[in-house]
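Each structure below is given as structure tokens.
One chain, chain A, appears in both complexes that follow, with chain B as partner in the first and chain C in the second.
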Partner chain A sequence: MVSDKPLITDDEAAKITRVEELAYELTVGEVMTKKVFALRPEQTMREALDEFKKFRISGAPVAIDGNLCGILSIEDLIRSLRDGRIDLTVADYMTSNVITVKQEDQVIEALKLFVKWNLGRLPVLDSSNKLVGILTKGDITNGLLKALQKDFEAEELIRYRASHLFEDIVSDRSTLTLRYNVKKNDFSRGGAASNNIKKALLRLGASPQVARRCGIAVYEAEMNLIIHTNHGGVLRVEIEPDRITMEAYDDGPGIPDISLAMKPGYSTAPPEIRAMGFGAGMGLVNIKSCVDEMNLSSSLDRGTNLYMVMHLDKSKPLA
Partner chain B sequence: MKIRQILEISQGKLLTPHVNLDMEILGGYAGDLMSDVLASIQPESVLITGLSNPQVIRTALIADVRLVIFARGKQPPQETITLAIEERFPIITSDLGVYEISGRLMQNGLPSFEKRMLHAFDRD
Partner chain C sequence: MNLKEIQDQLQLKPLAVPISPDSIEIRTGYTSDMLSCVMTGALSGSIWVTLMAHNNIIAVASLLDIPAIIITENAQPDEHTLARANEKEIAIFSTPKPTFEIVGRLWEMGVRAEET
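== the complex of A and B ==
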């Protein structure tokens, strides 16, 4: 019988992608072995054999005063043994046109070289071409695992703390309130608060769909505060295990005709706002279709209050 | 379709580092009205646009868009690039126009992710 269980879960897939990302983010210098042992070209192959035994290694770079001149592998040692010429020098048996990487290169570049040339190790050079380390596939694996672990622990800790918030605090009704002050005409930060709200919801354990819908609703509300108010306003999000309440309020100028404002395509935004991609008259319409409840109240004296509620699936409450 | 293929087909240039070029993009959307984008784009898509302000990136993040292409050779302002790098969001600039990029991507099998905005015109 065929099992319904997928071969790779979404979680696992996300981790694979992160490993790939890390291969681009990490540099060779961060994962290489730094205390590099190097042979000198005038040493004999017999001495090289002793060094390999002593350090339990299967290859080493060859350098004079930090300047790389070759690389010697265990295969070269075997060749000299087979020839019965173990008293010849390292220079006689080493490979001298060596493939190298720079310490500031991305790990992915080194991986490509390993695959392309089927190498055991890559000498690492700094910007002035001095030998500063050695890189094996094992170093890369260790480096990636360490980075992944660090990454994972950091996000895991945040998520764990956040998602247990409601469990840990006992009360008849616990709520978490997030508050963001939004400035009039602050376009360069427009949407920053909403993105933070979306991230917070994900960390608290909301599904991606719920986080996306709330994100869109508060983003439209945030842009409205930036575009249409006298002095900006406040975004306030109240998070409870079974619902998310979002509010945007300001101190004016107020909306004269709410039903007109709710009409798709109706906008009072000036041309320069439209040139930025906003003011298409779809904001409030979008909000309405994203949230479960919406109430818009406005007065020309006191300003506007936009109230939005998202009910959470009872089978999937937060925390 | 992978970001790698989209780069090639759109003759684009990547503006952010550390991009996973093998990330899958499921569909495409072309537009300049951010509210329209929020209302009708489906997740895991590419947004092709003639706008280049930071709100494009914020809109993309909110709507779970995976890639943005700035068309007609637009070089976005530094604050847009900085935000994209901070959020590890991939952005591309292409000399081709919105119409041509969209046409090429569709011809190569990337479906349209623009939904009809039902809620906007079917009610009231």
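== the complex of A and C ==
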């Protein structure tokens, strides 16, 4: 089927919701009602009325041996009642030029037909044109909801697996290492590594408080690499069930006086860096208050190494 | 009170509204232009009032779970910053008024500093 929808731009594509995606992924066969009740053309309208009442439906396909020959709706019934000709046959009142969908069609195609023709239901045919089901907008809503539920369960499973990672792996000492290269002056990506680290910790089952404190400490370290180094540096996070070790190291220029650097309010940031909101002289102070252990060592030849450890509550370890 | 009431009463111009503002509840706030101070002082869920429009505000807000930033004195964030805000689901508003006045108005409306 040729789509009458114009091609979309990448920008629009990024805004497509999961539900819209599902409308393209799911097929009509997956969401339709399979146990289909069909009338026969030689039945009377009175019989049709009884069937509608019995099954609490407002329309039904008309078929002979699985071959669709029409569709009868409640409007057709009303017409026959108004005419006083309820003993005529279904064939006299049904719509015989029926719009149908194939069971392998995407749900989106069925949705387009519903909108275009303002239909209540669509008979569904298989590849040999036999009637195999009936599709209403309600079936589509149900199908989409079920698919979303499946998505959600799959996501929960991934989350569960991630947070039980350490239980699943047996060793004397299991660690997970995350490594991020941070470039000098790369302000446009400033905070990207620390945000990813925070997200990873939450996924692994860290409490929001622990993830936040680690996030803040690593953010300050990350910005120091961006602002104060010669060439940037590396952030390395080692995650173990009982503690998180975070390290930032670079190849210079080194800190001449560490105790001065640790003093609240002391900063060497130049004016253009201060204009961006940095250089409060609180970075290292923040780190110290966020983590349980901090060690800063620096040499003017080899650069700086910042070592931070967060001990996890013994009653609430990861995994 | 919710973010929509704050937006309306302070006549803030929305620059990025990734989540419907009436679904975001604001009880406390913080103000500073120094990012490290925000890191120390702002509680999660705060509204942050700042003159700073540089894209680093998004990383800070995201780390601290700050749902909304008011940028004062018509400081203008660039498109990249607003795109990041939408991605991280952080609302950005702009106002011509200075920080002092915005914070005062927020306080009058009942947004208070909360004990850390």
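Note that the second predicted complex is superposed on the first by the 167 of 319 C-alpha atoms of A that agree within 3 Å, B and C clash if a C-alpha of one lies under 4 Å from a C-alpha of the other, contacts with A are read in each partner's own complex, and residues count from 1 in each chain.
Basically, contacts are C-beta pairs under 8 Å (C-beta built on N, C-alpha and C of every residue); 3 or more make two chains touch, one makes a residue touch a chain.
If you're wondering where the values come from, they're calculated on a predicted model, not measured in any experiment.
Annotation for the three-chain superposition on chain A: chain B and chain C clash.
After overlaying the two complexes on the shared chain, residue contacts for A:191 are found with chain B and with chain C alike. Number of chain A residues touched is higher for B, counting chain B against chain C. In the superposed model, A:234 lies in contact with neither chain B nor chain C. In the superposed pair of complexes, A:212 makes contact with chain B and with chain C alike.
Shared-chain residue A:288: touches chain B; no touch with chain C. With both structures placed on the common chain, the touch criterion links A:280 to chain B and to chain C.
Judged by the touch definition given at the top, the superposed model places A:25 against chain B, while chain C stays out of reach. According to the touch criterion, the shared surface of chain A, contacted by chain B in one complex and chain C in the other, consists of residues 187-188, 190-192, 194-195, 198, 208, 212, 215-216, 219-220, 223, 276-278, 280-283, 285-286, 289.
Chain A contributes residues 17, 20-21, 24-25, 187-188, 190-192, 194-195, 198, 208, 212, 215-216, 219-220, 223, 263-265, 276-278, 280-283, 285-286, 288-289 to its touches with chain B in the complex. Note for the complex: chain A touches chain C at residues 187-188, 190-192, 194-195, 198, 208, 212, 215-216, 219-220, 223, 276-283, 285-286, 289.
Contacts from chain B toward chain A in the complex involve residues 17-20, 22-23, 32-36, 38-39, 43, 49, 51, 53-56, 58-59, 61-64, 79, 87-88, 117, 119-121, 124. Taken together, the chain C residues at the contact with chain A in this complex read 33-37, 39-40, 44, 50, 52, 54-60, 62-65, 80, 88.
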